[in-house]
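Presented below are the structures under discussion, each in the form of structure tokens.
Both complexes shown next keep subunit A, but they swap its partner, so subunit B is in the first and subunit C is in the second.
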Partner chain A sequence: MPLESATRAVRTGLVAFAFLSYLILIGIPGRIGGPALPVMALIAALFFWVKLRRESIEPSKEATGRGQDGFEGKPGWEIGPQAASNGSRVRELLSSHTGTALVLKGLLAGLTTGLLIAIVSGIIAAAMGNGIAIQPVLDKIVPLNAAALIGVSPGQIAQADVSFARFLLQVLLFTGAGILAALAVTAGSSDLTHAAPVGRLTRHLSGPTLTSAGRYAGIALPFVLLAYIAWLGLPGVTAFGTNEGTVRLLLTLIATGSGLFALRLSRPGREQLAVAVLLGLGVVTMPFILDQFQNSVMGLVFIFVMMGLGLNIVVGYAGLLDLGYVAFFAIGAYTYAFLSAPFSSPYISGLLTLLGISPESPLLGYWMALPVAMLTAAVGGILLGIPVLRMRGDYLAIVTLGFGEIIRLFMLNLGELTNGPRGILEISQPALFGLTPVDVTFGLLSSQGWIFLLALISSALVAFVAIRLNESRLGRAWFAMQEDEDVAEATGVHLVRTKLLAFAIGATFAGMAGQLYAARQINIFPENFSLFVSIDALALIIVGGIGSPAGIVLGALALKGLPEVLRGVDEYRIVTFAALLVIMMIVRPDGILPSARRRIQLADPDEPGMDSDPETREEEPGLTVNGDAFADGSGGREEQ
Partner chain B sequence: MLILESVHTYYGHIHALKGISLTVNEGEIVTLIGSNGAGKTTTLNTISGVLSARGGGGIYLQDSDRNGRGQSTGGDHGIRLDRLPAHEVARLGVSQSPEGRKIFARLSVQENLAMGAFARTDQDGISSDLERVLELFPRLQERLTQPGGTLSGGEQQMLAIGRALMSSPRILLLDEPSMGLAPLLVQQIFQIIREINAQGTTILLVEQNAQAALQVANRGYVLETGNIVLSGAARDLLADPQVAEAYLGI
Partner chain C sequence: MTALLSIQQVTKVFGGLTAVDSVDLEIAERSISSLIGPNGAGKTTLFNCLTGLHRPEAGEILFSGRSLIGLRPDEITDRGVARTYQNIRLFGRMTALENVLVGQHLRLQASHWSAVLRTSRQQAEERAAREFGRELLDFVGLGGREEVVSTNLPYGDQRLLEVARALGSRPLLLLLDEPAAGMNPSETDRMMDLVHRLRDEKGVTVFLIEHDMKVVMSISESVAVLDYGEKIAEGTPEEVRSNARVIEAYLGPEVAVQEAAGNAIQ
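Up next is the complex of A and B:
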């Protein structure tokens, strides 16, 4: 039996190695960038965590099967202490169900992976060191990834050689990943027999009763550790002493310190707060950690989160299908462009001269322009809203679709006002008191990182407003209107005002997103605002789950982030992406994280709790008959 | 309290109401009966403003006891309803429990009831009305947090009536409250209608179940293809051989 668990651990290591090799072959590490080796270790650690966690919860089927074959007489992990009593100490330990056993298994799995990676990369490095022209071949199969595999940066690949230190480092790194994964499992377990050092630590941190916040923190802690090691660049711990290194160290300390503080604060009943603080911290440090490319992708993702949240108000809350949402995005972007780029149209300067303002460019900074962009977009929303007040469903979709195209064509063809297809160039960047944070943080926060940070903060604000709206009187009026316009009106909902408010608020959010997008792009052109932006925004709220803000974040990550990550599979990326979307819609038709209301609507009518309880059946037979007929959520909505 | 003077309503070119005139007095239960397509629901929808009347006279709500709700525009007649949008009519205290219940399936029972009080701002009045509704329908109390769509048909009907009551109406328009309910439950619903009326709410009741409706009503009107063909005290209509033959199935 102990031999069995050992081989299972080794097999986990082998699978991890195969998985990592696959990732290298399709080019993921090269695309992720940064210090590739620790990132790979992080991925391996996550993999180990999943595997070990499963082992710690239930005995594997294989073990049970062999046990029944008479190998040990009793099946799998369930037997625990009794079976161990007749073995040696090591055997006892390995087959027991304790944290130490898990750590041992993690170590074995990590060691296997580390050894294999070290050996393979050693062979490659040796071949290159001996002048065997392996690099062209490697570059052909795995562009950029040979370097990642060997554990050097792409520039250094030519100088790669076989060194014992690197060999050791690779083995240690992956073994460490295995151990950390095991520790994460023990920390996350509520079962006290699992208590390993990390488990005890988090238990101590989270107070006498183990809160779930403490558990999550315990799970996260090892990974955060590894992530920071990855970030600091373990292979060449070069950054210390420099300005950048100091800032990184400070950020790490601040993040860890406040994370621990949040944990200490958490009591049963306040776990959500602690988790939110931890999550927030983790997310806010992201713009500092990621490189320029990753930041630009994440910036785009969160710009689309804002779009999704705004569109969700129109589609998810008020039930008005808007396919021309890009129009407000474009209005926001162009408003900011007019106000902040050197380009000046005769119309606008004429208007300004009329108002007595000297037409100098740029007129307004980012923050001054923000309310203007939001207001302009809101006015656009109302202008679209008025003619479509009486339309529902498909007709509304067609008209809004047309509106989106009109705005784009307007930007394209009104050359004197919008510079036509040549676009508006050199849009100024958001600054704080005249300083860009890029200066303040010694370049650690890249320009795209700054945009990402702004997008994060803005989407947090927008999400807050959206969530509050959902629970407000207005939110209820929107839902009532979506369910049945006539009845809503008959209960006193002012349909015109309610609809226009939905359009205006949705458009405002899109205007904010558009402005940030213009700042991110620096130069904007009419073709940035094609129909596909609307489709993307709509698709992401459907994928994420209509009506749920958390789902929208996931949807945006999946829809705008995934295609970028999949760049590794190059020409197949759109196909892969499409396949993933199809699979997702089959597996989770109501989105990744549907809102509570949607779940109600789509739930199986036969589910318990969706029907009258047995008492009702006894009291009033007639009631239940009707109950079954109407329990499909659209109950009582037959048309006249 | 509510007066209809020769009201005409059209669906496109279809002339659905051909000059309906009727009166509902304060504190009464008045019932509109008639076969399918006679125009009963159309009449209610025209009163509540969901459909708009075209030509003919008007619909008036008389300010009898309460004042200060809306401005009077119709001289002696009171407030003219047929020129107001539906949400304003609702704010004047005309509340409809629509045919086929039409509760908000995805909102919880509590939220449905809150939607009923949407036009009101008096928090105390709303909470005392909520208590009153939950007293009338104890079943709703048990299901407060459940989404409306998961209720049984009877419970949904109770919720629809409760929602209409939450607006603290001066006149309650009930459209086929017995539709699709078991006989036992129909009795219960009519019992509740009587109770609501006894508490001081005027009721205009539209029913297919003429027998039951005429038993609770003070007066009744019989509709046939957009015209009122018969009216009178409910007791007399019950006894009328014409009504009995056509609507009571005797």
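Up next is the complex of A and C:
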């Protein structure tokens, strides 16, 4: 077994090296500027952490996957009988001190990566030292960023030479990353959901002090990051040169995401409340410290959080696969546009004249238009809902997909009403009592910052409503409907009402998001509301974890925020993004932060008194149906 | 005793197959009645007609004197008819308690707004619902397993949970579709005891489909027999047991002839 885990550790190291090479290839370290080595070590540490944590959680699965039978259900490094019979002291040590074993694994993985990087970069540096201009050659074959690999800033590449010190530094740096990752796994594990398999390990190695230290560090992380972002924004601070904007955006995304983890790490009750309040305050200051670009990205992220939360009601709670969700987004956006832009179609101005309102005046402000947009979207949701009441699964998906396209084509072709492909321009900005917040805060809050702030507040409100509804009898009815529609109805759930409520509430949230989106874009066109908006919204709830509001925020950060950070990597952006998604779905198939329900389900197999083999459980109802020997009274099966 | 449920000339046709053929049946209030018959006799179809899953082509179903025909399943549940299923159909990813809470769904009044605002009335109602749910779980013998996800419950417990969920809607009539199917003898005894307690303690009228003759004969006060959609016999367990048509339906005509011959010799 030690040999096997050693092989696995070396393989982890190799994969890490391949992964880093790819990052260097697409020029990510180069973008960050300055010596790239520490950044790469950090990335490697993160990679090791994910990998080691996974191994420590499901060691039995990994081990049994290797064709070992008879040892199922035991952690991989504990497979005792064989190890003991072979009698090696190292083995005994490793099987009793699982924490040490983990650290050794991390060390081995890090060492592998470090050695490879050191050797390859040493060869390149040696070639350069001998006067071979290797970078132009590399550029021709693969645009590999040699400077990043060697670990110097791009300006220094001309003086590259072979140095033992650097070799050692590289090896040590990555080995350290491996050890650090292993320590992080042992420290963090007892607080996380899957504590059981590694709980002992923590005691062995780090004791309770480090564990709670790790927890507090996790809680403190978002605040530290926020402070750092604020500091970066101070005039005169230039830590990352031209890439500062991107780095700050990335840090903002990480800070927001880590905030959610901090919330989960804190103990329920007073501690969690305090963390939530502090986090809320911290997050609300973000629009003030970010610049226009970062704010606009974050605004979009949180508009999509609202979308995701709304779609989650339909898909995640009620289990109705809606692929035309963009329709309600478009309805919200266009409703606000009609009400607030100078453009007015003869129909709408005619209607307004009828109502006694002058078509010339800027119609409704943002706040007056909000209920109108929400209501229109809700009506749209019900109108879509009625024809699809009897549809399920794939059929529902296809019809809703069509509905989304129909709305877009309406916007495109009803030129007189919607100005067609020319779109609606100069949509007015949300104001407070006639004042723009930009004026009120003396420019501290940029116009995009204001949108971001509004998106934050609206998302919080939407999340609040969604969570509360989900915890009420309506949420239970939705979930029952998702589990078994017929039985739900026979148990007393009014299907029509419950389904239409899901569609209407989901649509209302999308309408709010659409209105804010229109305000953010100022000009909107039918192309803004293509099928891909629906796909994005659906993808973000799947990536984040269906049914989990916190997961949806993370999903939006990853799917709408990260691509903007990756903008620097130009043509590799989409490929990288796709690769990240694939990795995500392999590592965490239930989403980044799965909903509590899924976690309960995953954790439950430890529960006594249940069948551990899912297949037999699946079969039982079937057997019952066929259990037709009844006449003699021995009906059904004797054993269970 | 008055008839709680009265089935009159109910016919259900699937294409060319007449699954239920002009069946007449009366279920007395606070009684325990059984419906038996070979596989494919139309027992579950009749249950589905009663609960609104199928709409019968002809006939009338009166519950407490009011027609159930044309009502949606949730409206029928609202009237006081609840059921369990032959192949267990729990809400698998919900906990036991949540399943029972869904069962209470239409007895809860709080508006969705009050759920968002968590008004004191809504909170009180939720607490009461949870309390009642725990009581019901205790009643069926699942006390202490409230938070277990229902797919993780042992098979016999899942059947009990279905009963508890059905009780959530405070029914007058409970339809049990093969409650003892697939159970071992001790679980079957538990289930029979539960059926008795349902009637005696909760005052629920029980109408059940069952294949286990030991169960049918020991708990039923009246038994009806279906074969090819037709009611071929009705009466007390003893009457049904000795009915020639029933024996024929179950064991084939030859056996019936032999039985008859045996009876003649005796």
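Methods note: the second predicted complex is superposed on the first by the 331 of 640 C-alpha atoms of A that agree within 3 Å, B and C clash if a C-alpha of one lies under 4 Å from a C-alpha of the other, contacts with A are read in each partner's own complex, and residues count from 1 in each chain.
Criterion: a residue touches a chain if its C-beta (ideal position, glycine included) is under 8 Å from a C-beta of that chain, and two chains touch if they have at least 3 such contacts.
Please read all numbers here as calculations on a predicted model, not as lab measurements.
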item: Partner chain(s) touched by A:Val493 [first = subunit B, second = subunit C, both, neither]; value: both
item: Touched partner set for A:Leu469, first subunit B, second subunit C, both or neither; value: second
item: Which of subunit B and subunit C A:Leu168 touches, first, second, both or neither; value: neither
item: Touched partner set for A:Leu432, first subunit B, second subunit C, both or neither; value: neither
item: Contacts of A:Leu501 with subunit B and subunit C, given as first, second, both or neither; value: second
item: Partner chain(s) touched by A:Ala477 [first = subunit B, second = subunit C, both, neither]; value: both
item: Subunit A residues contacted in one complex by subunit B, in the other by subunit C; value: 473, 476-477, 479-480, 483-484, 486-495, 597, 600-601, 609-611, 620-625, 627-628, 630-633, 635-640
item: Subunit A-facing residues of subunit C, complex; value: 39, 51-53, 72-74, 76-78, 82-83, 85-89, 91-95, 98, 101-103, 105-108, 110, 112, 115-118, 122, 126, 129, 148-149, 151-156, 165-166, 168-169, 178, 180-185, 187, 211-214, 250-251
item: Residue numbers on subunit A that touch subunit B, as the complex places them; value: 473, 476-477, 479-480, 483-484, 486-495, 597-598, 600-601, 609-612, 616, 620-640
item: In the complex, subunit B residues that touch subunit A; value: 41, 45, 48-50, 85-87, 89-91, 95-96, 98-107, 111, 114-116, 118-119, 147-157, 160, 163, 167, 180-185
item: Subunit A residues touching subunit C - in the complex, by the definition given at the top; value: 464-465, 468-469, 471-474, 476-477, 479-480, 483-484, 486-495, 501, 597, 600-601, 604-605, 607, 609-611, 617, 620-625, 627-628, 630-633, 635-640
